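What follows is a single structure, and I will ask about it in a moment.
Labels A, B, C, D and E are assigned to the chains in the order they are written; within every chain, residues are numbered from 1.
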Amino acid sequence: MFVARVTGSVVATQKVDSMIGQKLLIVEPYRLDGTNREKLVTTGRTFVAVDALGAGVGDMVLISQGSSARFTPETNKLPIDTVVIGIVDSVSIERQSVYNRQQDNQPNS
Amino acid sequence: MFVARVTGSVVATQKVDSMIGQKLLIVEPYRLDGTNREKLVTTGRTFVAVDALGAGVGDMVLISQGSSARFTPETNKLPIDTVVIGIVDSVSIERQSVYNRQQDNQPNS
Amino acid sequence: MFVARVTGSVVATQKVDSMIGQKLLIVEPYRLDGTNREKLVTTGRTFVAVDALGAGVGDMVLISQGSSARFTPETNKLPIDTVVIGIVDSVSIERQSVYNRQQDNQPNS
Amino acid sequence: MFVARVTGSVVATQKVDSMIGQKLLIVEPYRLDGTNREKLVTTGRTFVAVDALGAGVGDMVLISQGSSARFTPETNKLPIDTVVIGIVDSVSIERQSVYNRQQDNQPNS
Amino acid sequence: MFVARVTGSVVATQKVDSMIGQKLLIVEPYRLDGTNREKLVTTGRTFVAVDALGAGVGDMVLISQGSSARFTPETNKLPIDTVVIGIVDSVSIERQSVYNRQQDNQPNS
């Protein structure tokens, strides 16, 4: 799994039938900043994830990929490879906080 | 999943029997432009996807990979790892549009 | 899936029993040339694929990876993650040919 | 699988029901130092893994990914793609030690 | 699959029960040298593989990844994603030898 920021959404009217009603989020994986290890920074990659937890733009989420993306009650049997399995409250590295949802002032969140 | 542009097609006469009749598209994954975050840009990668939705050259599509590519009625049991599961109408980032199908003037679409 | 050039082969006498008799090909993934988009170029990567279609050195083939590599009659239950599922006749990008098997003069094919 | 350093943890209160009670670790994959091949160095990547072995910050662990992450008694049926399957005591390369848990003085472990 | 050099081993005393007794090898994937295409060179990456064939340090092996790593009699049901499925005798590219086990003088093999 990896931590990612929800930054957007996708609309697709024509789709595989089983996907009707599924919310599609744009998520950007984050990694630890290599320089000072004090914060999380974007990897510059862009994925699309299905969300059944009600995550919104600005939220930091936990993403699972591959066949395991089908192992939630809402995504069972869907043709998807990326799913939100949690909304992240905090991340600590070497016992220092590098992300805290309450202190997260994303300009567009 | 990821968003990709359909840019071409592949013809393969000799193939595994179950693949006969399957439409093979060249798709190029897109990511958010890192500089201004106002549009989607190609990642420079090239995949081949099976399509059961009738996507054509120029369309932006939603791609799923891995075992989940077999979880559509049309691709069940096929030896494939990449499938088109939707045709993208729009993508928004931080509530601004970065892709809209109606304003998309790809030269070759 | 991706398009790859068959460039060699691997011999392994000691192997898992189920692999006895399987033909092992060296394949190099190709992508669209980013500069002029008029031809396919190597990505510089090297994979080993099982082949049940009789592909030979010089052929451009269609490769599938992951669990789906086991979804052909010949590879069912094999411990493999990469398989040739087609021999490519042609690839077109934006309706222009970027690969045609009949005009393909690979020096070693 | 790969060897990774446990460097932190993730808290997510809102999550898929089956994930309640699962410990989420930040792990950073390590590779052999390319220059002198005498030690392991970080790859700069960041993953989140489920742990059922009691690993702590500073530990070097063995990570398995994909569907196999569900093949432990504790993770069976969880929607996860990354799991700790061992705590590493030592790694040797060309019969020289490159990692030994007893001589490992990570500042934050 | 890919060709990799066995360069070391991993010891992990605390591990998932099913992993007890499994031999853990450090393997480094090799690719064709891009400059002259006359030999195989390391990719600089490091994986850990389970081995049931008795491969040793210095051996060039064939590696399979993902769910297929569980499709050997010895690894069935193990939580692993990387396995040795063959010991490589030779690799040829465009009908020239680029690796031959009998002429392989790895300093540490």
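Keep in mind that, in the parts below, contacts are C-beta pairs under 8 Å (C-beta built on N, C-alpha and C of every residue); 3 or more make two chains touch, one makes a residue touch a chain.
From a predicted model like this one, the values you see are computed outputs, not experimental measurements.
Subunit A and subunit B have CA centres that are 21 Å apart. Centroids of subunit A and subunit E (each the mean of its C-alpha atoms) stand 34 Å apart. Across the assembly, subunit D contributes residues 65-67, 69-70 that each touch 2 or more other chains.
Taken as a contact graph, with one node per protein chain and an edge wherever two chains touch, the assembly forms a single closed ring in which every chain touches exactly two others. Circular chain order, beginning with subunit B and continuing to subunit C, reads B, C, E, D, A (contacts as defined at the top).
By the touch criterion stated above, subunit E contacts subunit D in their complex at residues 7-19, 24, 26, 28, 44-50, 57, 65-67, 69-70, 77-82, 107-108. Taken in their complex, subunit E has these residues touching subunit C: 1-3, 30-32, 34, 40, 52-54, 62, 64-73, 75, 83, 85-95, 98.
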